[in-house]
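Two complexes come next, and they have one chain in common, subunit A, joined by subunit B in the first and subunit C in the second.
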Partner chain A sequence: MTEKITPVREKILSNIRIQRFTPGKDRSPYFDNFKMEVETGMTILEVLRHIKNTQDSSLTFRAFCRSSICGSCALRVNNKTVLACSTQLMPILKDFGKATVTITPMANLPIIRDLVVDIDPVIEKLAKMHPYLVENKDRVPETLEKESLMSQEELEAFGLMTDCILCGSCYSACSAVKADSNYAGPLTIAKAYRFSVDPRDDFRGMRFQAAMDQGLWSCVQCRKCIKVCPKDTRPADSIRDMRRISIDAGIHDSPGSRRAKAYTDDVERIGQVNKPMLPVIVHGTKGWAAIEAAEAGLKKHGMEPTRQVCSLPGQSGAAKIYAKVREIEGKKKGGKTNG
Partner chain B sequence: MLTYDVLIVGSGGAGLYAALKSRMEEDLRVAVLTKVYPTRSHTSAAQGGVNAALANKDPTDTWEQHWFDTVKGSDYLADQDAAELLCREAPEVIREMEHWGCPFDRTTEGKIAQRPFGGASKPRACHAADKIGHVMLHTLYEQGLRHGVDYFNEWLTISLLHDGKRCQGVNALDTRTGKLHTIQAKAVILATGGYGRIYWNRTSNAYGNTGDGLAIAYRAGLPLKDMEFVQFHPTGLRRTGILMSEGARGEGGFLLNGLGERFMTRYAPEKMELGPRDLVSRAIETEVRQGRGGPEGEVFLDLTHLGKEKIAERLPQIRQLCIDFEGVDPIEEPIPIKPTAHYSMGGIHTDINGLTSIEGVYAAGESGCVSVHGANRLGGNSLLDILVFGRRAGNHALEYARSVELPSMPKDILASAETRIKSLMEGESEEKLADIRRDMANIMANKAGIYRNAADLTEAVEDLVELKARYKRLKVKDKCKVFNTELVAALELENMLDLAEVVAKGALERTESRGAHSREDFPERDDKSWLVHTVATRGSDERPVLHFDPVTITRFQPEARTY
Partner chain C sequence: MADKQYDDGYMHYAFYSGCCFQGADARFFEILEKVFDKVDVKIHLIDDAVCCGAGVIEERSELTSLAINARNMASAERMGLPFYTPCSTCFNVISNVQKRLGEDKKLFKQVNEILAEDDMEYKGECKITHTLWMLAQDVGLEKLKERITNPLNGLRVASYYGCHTRNPGDIQNYESSDNPTSLEDILKVLGVEIVDYDTRNDCCGYHLVWPNNKLSLKMTGDVLKGAQKKDVDLMVTSCPLCFKNLDGLQNKAVAATGGDFQLPVLFLPELVGLACGMSPKEMKLEWHGVPVNVRL
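Our next item is the complex of A and B:
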């Protein structure tokens, strides 16, 4: 028994609001409104192409693979960074309950024209991270007769980050980049981490330094990069792990790592963080000014500041957890050298 | 003027491998010029795998068996000496990629994992989940950064420069500024990818796979080879042509026509949906031509009977693909599909080192034709082709560039490129770019696509001449110099029109059916007359002139291609 197939296709007359800007011609960005019929199945990219083909051929955007693998087409739709090619418009119109949608370029990057941003700053930062494998002679054979041996588990330790398509979405959404344009950005540190935990690599020391120089500790772990990444590579997790392995490797000498170390040491010692003294630990003698200012503030409100923090009752429990963690980590390391 | 020893046009796998090889010893200046950022090249879209007889999965596999599979798959049109090199050097290039960090999946012993692939007698496709092209491309890019390859990103090459004997370089447009430049180079390697976009929306290829390198070479007097051979994949999404892998059919998906009939009963009653790619493509095309397609000339891949759980569990990526790109949830409704142009077997005519008839000019990858794929490419062999022949071209160009001085350059070398851009940018347009492009795609799909015959092809050739005349009246409306994507599209369209004509002409002349070329009026392979390569050059009237070259046969005598 067969039945004729008639696909259901809804149509909505919509208003597409697009940010326009041509440097040299326009003083500042402005918006153009385009009316068009949006039908079920249309991606943002199809909408942009439709407008370019039928209404305004000067509308400028990037796209290449149109299948979410090349990373060309990231932009913002109603302020959220997405890939234009893999984002359906109809559900967005329905979610927002209105027939208007606003399209703007990625943030944190200079605009070249309309929706096209200059991605070179990201690439330059990436290039400084030594984002390539440097052969570890113990693992990588000298000749092309053999491949290096590596287990699937070893591969999976960094496999997720090899999914990155360099689309820049995470960079556009990043709080730390917004606060400080010198910060390397999520994808670049995540890439450095990817190579640093590849057992075939022999260059992690250089990468730690490069990451430190470019703000490894500036990330505030807001996890926006995780939210927007179209490939689910979880850059913030890699950054966290990069911090961990760099401390393990004995690189303590930065405000961020000193803070992290003070937190962990204090909790083990007294069960809580010795907040009053933190500025000195993190920033050295410069920290005293901050402490004195804070003390003056407290005094003004009639409070008596203290530099002593007492041990909490639960401290012994915390110390036990630390001991346990050390035991497990010791075993792991032991296992590696023996195996 | 910018000057390099070796200049590579194109940053797909072929271009980047060639660049790396010529820069490895760090004594030459090497640059890659590409119209997109390197990692955005189409190589990134390859999902399945790359072939090499490593014998990791099946210890009895040998490169000779790979060689035979390749020749048989090509319907005996591959040059057997070239196919031999492809398969012999395969294990080396794969291991080299591995040593550079490419994250191939692993066997339990920690070696590179391999899976079975269509047309291969042994499991020899090396994979990395479903993103092999992506990881290969990124690995090559990363190593290029390490070794100091220069990149010119978002530069569009417009013409190839030579003095009739020797390479001089290229003219290119920096799209960011709109400025034209000449880049002088001792050697140029064209690695600009395929021309699947001559079918425009009916292709699995990226927007930029417009065959630029081929058209540039053709206009510079270099011959193109076997252009009529274009491989179609049966299941592309209706709207975009994006590929739906065989996986969905493998799990028990049905192909239904617009009337809801499981039409494969008429064409392959035993294998049904799992018949070979070309057969399924032709079956779909027949249904649609005979009026049994859906409302927009599509058929349907129906998974609904598999049930929600099985789909969510076994085919999650395919489901996501349908939701993201087609707005259809396969749990609820059948997926609309159309056959989609997938791979360009034809390309710039080269020898086994990628060298063309001009000293210092090379071609590699999908834009070249050595020929290893003949009339039909095997899955997993094109990623291999770009590595092996990218490497060979890189090595050869390196030696060549070391042995010669910089070429001399005439003063007015940029003039013709300037005139061309100017004529597109100045004046009011009487035509619409999108209209010409759509008309080209329709001509190609309907008259020079999956099915071909003399009457349709004769019409196609005439239609294309008319279309080229219309193109001459096209002007770019956007007059801004900065990042002018309309100008880029217009230049790409010109390239595609030239190539479409060569494809149609070759298809018309070749009165047989072989591999991907299927003539309704000549349904049999004809080894007596047609075991030859089609070689096209541009005549003085700007129309293609064909001649035919013999195929190199060293070991395997042609047999019927049955599986």
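Our next item is the complex of A and C:
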């Protein structure tokens, strides 16, 4: 941190293209172009306020804390969801090499007006995940005199998701929500995970059910939510974790959980995934048709199909690693139950 | 990026194939070798690597994923070559492991203790790259241009990165992840006209093929529909898994989204090979799910 910071205040005359829409009044969303001089350091929120104050007072957007903690100013800039208050415009203009920038409301949510969306669908989905602690009587003392102490390790298990500010950025960026509006979205499953691994909680089973009902296995792991989260909570990682604890709890009856088991076991057994048999492993007898279709395709090109791919030379090494990891994880789990 | 132990004018890479090139896709081993030879690149299979787990193994054990992928990188380190994978998901998973181990000394130590069981050591020196940056940066656009003998002028192409070389933003530092240009830079050199389309940044849904097939097909169909609306001749993707869905499952995906069209999709190395004068036969284009009925 010895680098001397020299403030270079650049100015670029920019064209700010903003999506406008008043449901009931406008037939469809349209764009307004605003010319203004953008300076180094200027945030998107400052740009919007400047336009509202000097060019069009009817421009509507939502903002409050200006400190990236209230989560109310999320919107999209050049299609990426950001918090308007904590995102500077100059680096974006430079990244895209253009003096024009496009600002649109968050995706996947109904527009109330201009850049303001209705966040209620996210909150309703979150509410179904039981996002609160239900007292674990083995852990939480009965009297108020005693505290419910947590170890650092226990805190770290869900630490990231407690930083979530419910801004909805991940929901806006989510590929699965875009394709299926019934899917819960990243933050809701991540929040369900956060409460499910809290040792003070005793409601994990209900959250598994809620997460499964709302698409625990519909997350495509495109990792977009990790990219846009202004608090670096890594929702997609928590979704993987939620899948893991649900499998650990014995919920093996979904195609996704069977895939997880097949991948993990195959890499230990042969060093790679035995893809020819996946349709049957994941979908049971219904998968035979897919296997036969794939085999017919191979035969068409003169290839002899196989139902068992070869074992890779790295398999024996990987198996040693699996064994060691199992030993470590076994100790950890053993430690927890005994402790 | 040429390694010191070779002095033959070629750039050499440790080749991590992942497990996407099974069955019909096994043809890509040969295709990649032939295409890269045109631009003075030699790839050497990391023969003791194992599947990266595609992030799916993390749904059973995160530590297993970290350790087997540290082992994969350690194998490339032993070869003294940069780690090249054509698969965007392998790139994503393994780069993520590298980042995690780079940031967490305790984890780095623990993973190396696990690797010691197999007499391996991960040093953290491995440079990981993907076809996009191998071609656009290591080979360079100038050299690529020199090797083009069949410029694909006039071809209208929809370019498609897929998600795993772009998300999250810090998964790579070769270029901007919000506005990547490597794919288009390569395509421009090949002579094609790049056509922008609405669904360029959407996810193809490949990783839902098993857990939620219906949703996967819808996502694939939506991506294709966006490109098809713009009257493109073909779509090109830098990701072999996106290719599987966009080409192999195209008929089902288009039907699932109520469409009725066929759009040829090429895996980036195939188009590079064609522009470098290789024939559609050499690129085995007849293996595609959707006929590539475009003059190339």
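Throughout what follows, the second predicted complex is superposed on the first by the 309 of 339 C-alpha atoms of A that agree within 3 Å, B and C clash if a C-alpha of one lies under 4 Å from a C-alpha of the other, contacts with A are read in each partner's own complex, and residues count from 1 in each chain.
Assume a contact is a pair of C-beta atoms (placed from the backbone, for glycine too) under 8 Å apart; a residue touches a chain by one contact, two chains touch by 3 or more.
Because the structure is a prediction, the values reported are computed rather than measured.
**Student:** Since both structures carry subunit A, what do subunit B and subunit C do when superposed there: clash or fit?
**Tutor:** Superposition check on subunit A shows subunit B and subunit C fit without a clash.
**Student:** So in the superposed three-chain picture, is A:N79 touching just subunit B, just subunit C, both, or none of them (first/second/both/neither)?
**Tutor:** It touches subunit C, and subunit B stays clear.
**Student:** A:I251 in the overlay: touching subunit B, subunit C, both, or neither? Say first, second, both or neither.
**Tutor:** neither
**Student:** Is A:L278 in contact with subunit B, with subunit C, with both, or with neither (first, second, both, neither)?
**Tutor:** Touch partner of A:L278: subunit C, not subunit B.
**Student:** Pick one for A:I12: touches subunit B only (first), subunit C only (second), both, or neither.
**Tutor:** Touch status of A:I12: no partner.
**Student:** Touching A:L298, do we find subunit B (first), subunit C (second), both, or neither?
**Tutor:** Touch partner of A:L298: subunit C, not subunit B.
**Student:** Check the residue A:T40 against both partner chains and state whether it touches subunit B (first), subunit C (second), both, or neither.
**Tutor:** A:T40 contacts subunit B only, not subunit C.
**Student:** Across all Cα pairs of subunit B and subunit C, what is the smallest distance in the superposition, given in whole Å?
**Tutor:** Nearest C-alpha pair, subunit B versus subunit C: 16 Å apart.
**Student:** Overlap the subunit B and subunit C contact sets on subunit A and report the shared residues.
**Tutor:** In subunit A, nothing is touched by subunit B and also by subunit C.
**Student:** Quick check on the complex: what are the subunit C residues that touch subunit A?
**Tutor:** 19, 22-24, 47-51, 53-64, 67-68, 71, 75, 92, 110, 114-115, 117-118, 120, 163-164, 166-169, 171, 176-179, 201-203, 205-208, 210-213, 215-216, 218-219, 222, 286-287
**Student:** Could you please specify the touching residues of subunit A with respect to subunit B in the complex?
**Tutor:** So the residues of subunit A in touch with subunit B come to 2-8, 22-25, 40-43, 46, 52-54, 57-58, 60-61, 63-72, 85-88, 90, 112-113, 116, 119, 123, 127, 130-135, 140-141, 144-152, 155, 158-159, 162-163, 165-166, 195, 198, 200-201.
**Student:** Could you list, by residue number, the parts of subunit B that touch subunit A in their complex?
**Tutor:** For this pair, the touching residues of subunit B are 36-37, 39-42, 44-45, 54, 91-92, 94-96, 98-101, 103, 105-106, 108-112, 128-129, 131, 134-135, 138-139, 142-143, 145-146, 176, 206-208, 239-240, 242-243, 256, 258-262, 294-295, 300, 323-328, 333-334, 336, 432-434, 476-478, 480, 482-486.
**Student:** Looking at the complex, which residues from subunit A come into contact with subunit C?
**Tutor:** Spelled out, the residues of subunit A in touch with subunit C are 78-80, 92, 95-97, 175-176, 178-180, 183, 215, 217-218, 220-224, 226-227, 240-241, 243-244, 247, 254-257, 259-261, 263-264, 266-267, 271-273, 275-276, 278, 282, 294, 297-298, 301, 303, 305, 309, 312-315, 317-318, 320-325, 328-329.
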